[in-house]
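Input: structures, listed below.
There are two complexes below, and they share chain A, which is joined by chain B in the first and by chain C in the second.
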Partner chain A sequence: MENSDVVIRLEKVSKSYGDKQVLKNIDLTIKKGTIMGLVGKNGAGKTTMIKSLLGLLKLDSGKASLFGEDSWDLPGEVKQKLGYVPQTVNGFDGWMTVDALLEYTSVFYDKWNKNKVDKLLKDWNIDPKARFRSLSEGEKQKVAIIMAMGHEPELYIFDEPVASLDPVARRSFIKELIDLNIDSGTTMLFSTHITSDLERIAADVALLKDNEIKYVGELSALKEKYDQNMNLEDIFIELNK
Partner chain B sequence: MKVYMQMFKYNFKLIPKISISLLIMMVSVTIYKLFFLGDDIGLFSYNNITIAQIVFRLIFTIFLIWAYFRTFMILSGPSVLQMIPEIRKKAIIFAGLNLCLVFIWAVYILGYNDFQILFSFIISSLWMLSTMITMSSFRVPVYRLNKYWFLKLIFALFSFVAPIIYIKGTPKHPIMCYIILSVFFIVIIYQMFNFVTNYINYRLKDDFTKKGFGLKINSFQAYFDDAIVKELNSLIKKINSNPKNKYIKLFQFSLFEPSPKILGLIFYALIVSALFSIRDKFEIIYFVSFLLFFLLMSFFNYSRIYRKRNKIVYLYLASKLSRNKFELTVLSTVFRQVIFGFACSVPIFTLGLVIYSKYFITAELLLILYLVLSYYIAELLIIYILWAFLIKNKDYDTIKQSV
Partner chain C sequence: MYYITDTLMQFAAGGIKIGKSMSDNKEIYFQIQPSSGVPIYKQIVDQVERLVAGGYLSPGDELPSVRKVAVHFEVNPMTVSKAYSMLEASNIVERRRGMGMFIASNSDNAKSVKQRIELIRPSLEEAASQAKQLGLPNEKVLELFKKILEDNDGK
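Up next is the complex of A and B:
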């Protein structure tokens, strides 16, 4: 029986690229309103896990679902509830201005909060008339985040979204996420290397190591397992020894 | 010599697929010349033309354009430009050696005894090289002072006219044409000399996209970019007022690089004016070769469209379509583009037929119609097969991203 509170579910998920196994029997359940941080070394399988969840990769075995629907064939209604920010922001035409790109994206969705989009552009100092090709990596990342937020999804999936952001933008972005979570109970899966950000935002954490989830649960419980004075980065290093 | 060999190896490994393709093209044309044409007959000088000859002429031309372009892409890449002048000097000598080798090989393939063809080859090669120098001079100036950008513009226009003067004007006014072409030749040599000097002494702090010629080109680019943004805005307005076929229209705009309508109209006008200049009967064998060539281009073009991984992922996640419907919509979008192209070509084709009807009998006209229809059916088949191999029920994330 599917629990309606469950937004993300991975059951015994395995995925290999040729001989290289990237995910091995991954089990993960994320309930509505949770902010889950996903941590792991480079190549641990974070991006593969996210892409499997989005139905961009076929699983070797196991089952991935979003809002109770099989990830491989997500119904349109489920995709409308989803906001995804990829690790690298490519694929948009350089001639597009930021406002044209946002306008183009808005046509895909049933609802679009233009006021919010304009506010974020202003807060993050993005010139709406700037062409995509002229933006820095950080600015492109900000635009991708705004694109994912415009239709006010119920679930956000971020694949290292803050890697190219400056500290001010990072803090502002995290504040935005916390507000969203408090105001609308939005669910978030957040993969990052910057563990200090996770400590600010995530209540729960999943640690990926050797293609398996080594820990999943509350961040405070993880800290209790170790020395209370240790931060997540220390724990992460300790776990990866 | 060791340094140049290392450069050659590095160069080869940099873009291995292109390097191997170039090598295969070079070897196949050489084998054809050696074993099928012989020493006395050049690739372009034989009158009783065969399909094989047309195919190898095409391969030869593509090879040359590719080889020249590649040399300048390597030279204008920031990785070489950021190096010390000594390295850049070696890089430019290496590029020169490369081009010389290509040039000697091309002369062998064309035959030593046909002066007319060799002259055409030299003029068109120089034109191509100098156009590429002008293109890469966004970073490295061709003239010592960048304020002479207008000379580049005049040169670019003149380079376009020079081959036409040579072909059309030489028989009527030989002395005048040879004087004009000699001036063109001297200007090219002068530009190349300046390019080499400025390339070696290049300073990274000079940003030529923000002043002079570079700035002019940028504002020209901005004009076209604005025109496309306007087209996008009008498309969005249309979709908002009538959402029928919304996804096909959105996908079409994203997957096919849009260009301002004015460019399409200019292109159309050029083809129509070219059709009016028809004076002789066109051999059916050329027509078949052109169709085959365009079919090959279609294959590469549509495979490139389906391999726009980032866009496919974006469109899939943003659209309110199930996987199956999404994939079918991508296919419909590409079909629609072909049918649109076909509809646009009908008036041109009809005009061509009317002009050609002077030379053709009804049976030949029917043959042409049959060939054109076969071409479009083959194109639709190619699109379907590529879609089945690249998109249908595939991992979008593992699609090999096209450039």
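Up next is the complex of A and C:
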């Protein structure tokens, strides 16, 4: 029977591109309210794992599910509960204004918190009348985050969420995430290779190495295994040896 | 590394005011260093323990809320909750429903020696007055009191 507390589940997931194996027998369970960081070097399989979860990739073997539903065949009501921010924010119609883009996004969802969206645009200094293609990379990423927040999802999946955010936006983004986590028990999975972010916001961590999960569990337990003088970056370098 | 600018460092260095020193009236701040090798929950537990032992935090003092600590230091709320629960389990703080976390009022232990001395003064004043009425020399009375205290310790 499916535990209703489980939001994300990967069971023996494997995936290859041609003869290059990218994910090897991945097992991972994430419960409601967890903030988990997904770390690993470039090419370790982070983005592939996230895409498998979202049903954007067909698995070779194993099973990926969100809210107990098969990722490859996600029902509409699960998509309503999901907010995804991809690593690169291309593919939107660049001629649309930010306003129009958000309006367009909102029609796909049953609920849309316009107050929150407007507040974030204001806080993050985004001109709603600007055309998307005229924005800087950082501004595009801000818009992508706002697009993923409007429908108040129960689960966020971020692929390198803050890579091009300025410090002020980054801080208000993290504050927003903490509020959501406390108020609604929102679950979050984010991939990063910047350990300083991870050390703060994530209580749990999954480390991908050579396309396998090398460690999954509490960040504090991982730290306690190592010398006190080693910070997380040192530990990851050690684990990656 | 990319975004640890001066502004952010100032935020991180700022700390949260959680009390006042009784001796010199200095304000006491919580500090968390996420990049330290010491887990964040342990940094919080150790700090509160030290502040209580040092008299900087007294029974009834309120700890900053989980949300306040989490947002201020950009740390996971569950990590802060975990630290508070551990402090609660070791009776250093108590949870008051709907209000928050407070330094526990486990009475005499938390009071200073000076405060406790004041509690025993009336009994000693009464004994001194009786000793005087009986015309007993001070040395003899002190000797007896010392013996009683030592016998008490042995029990």
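Here is the rule we use: the second predicted complex is superposed on the first by the 240 of 241 C-alpha atoms of A that agree within 3 Å, B and C clash if a C-alpha of one lies under 4 Å from a C-alpha of the other, contacts with A are read in each partner's own complex, and residues count from 1 in each chain.
Keep this in mind: contacts are C-beta pairs under 8 Å (C-beta built on N, C-alpha and C of every residue); 3 or more make two chains touch, one makes a residue touch a chain.
Please read all numbers here as calculations on a predicted model, not as lab measurements.
Colleague: If you stack the two complexes on chain A, which partner ends up touching A:H193: first (chain B), second (chain C), both, or neither?
Modeller: Neither partner.
Colleague: Just to be sure I read the superposition right, which of the two partners does A:K116 touch: chain B = first, chain C = second, or both, or neither?
Modeller: neither
Colleague: Output check: A:L219 vs chain B and chain C. Expected answer is one of first, second, both, neither. What do you get?
Modeller: second
Colleague: Using the touch definition from the top, say if A:I35 reaches chain B (first), chain C (second), both or neither.
Modeller: Only chain C is touched by A:I35; chain B is not.
Colleague: Quick check on the superposed pair: does A:N181 touch chain B, chain C, both, or neither? Answer first, second, both or neither.
Modeller: Once the two structures are laid over each other on A, A:N181 reaches chain C alone.
Colleague: Could you tell me if A:K81 is touching chain B, chain C, both of them or neither one (first, second, both, neither)?
Modeller: After superposing on A, A:K81 lies clear of both chain B and chain C.
Colleague: Counting only touches as set out at the top, which of chain B and chain C does A:R171 meet: first, second, both, neither?
Modeller: A:R171: touches chain C, not chain B.
Colleague: Would you mind listing the overlap between the chain B footprint and the chain C footprint on chain A?
Modeller: In chain A, no position sits in both the chain B and chain C interfaces.
Colleague: Where on chain A does chain C make contact in their complex?
Modeller: 33, 35, 162-163, 165-168, 170-171, 174-175, 178-179, 181-182, 194, 196, 199-203, 219-220, 223-224, 226-232
Colleague: Would you pull the chain A residues touching chain B in the complex into a rising list?
Modeller: 51, 54-58, 72-77, 79-80, 82, 84, 86, 90-93, 95-97, 100, 103-105, 107-110, 131
Colleague: Which of the residues in chain C come into contact with chain A in the complex?
Modeller: Touch list, chain C to chain A: 1-5, 7-8, 11, 34-42, 66-67, 70-71, 73-79, 82.
Colleague: So in the complex, which bits of chain B are touching chain A?
Modeller: 224-225, 228-229, 232-233, 236, 239-240, 246, 250, 253-254, 257, 308-311, 313-314, 316-325, 395-398
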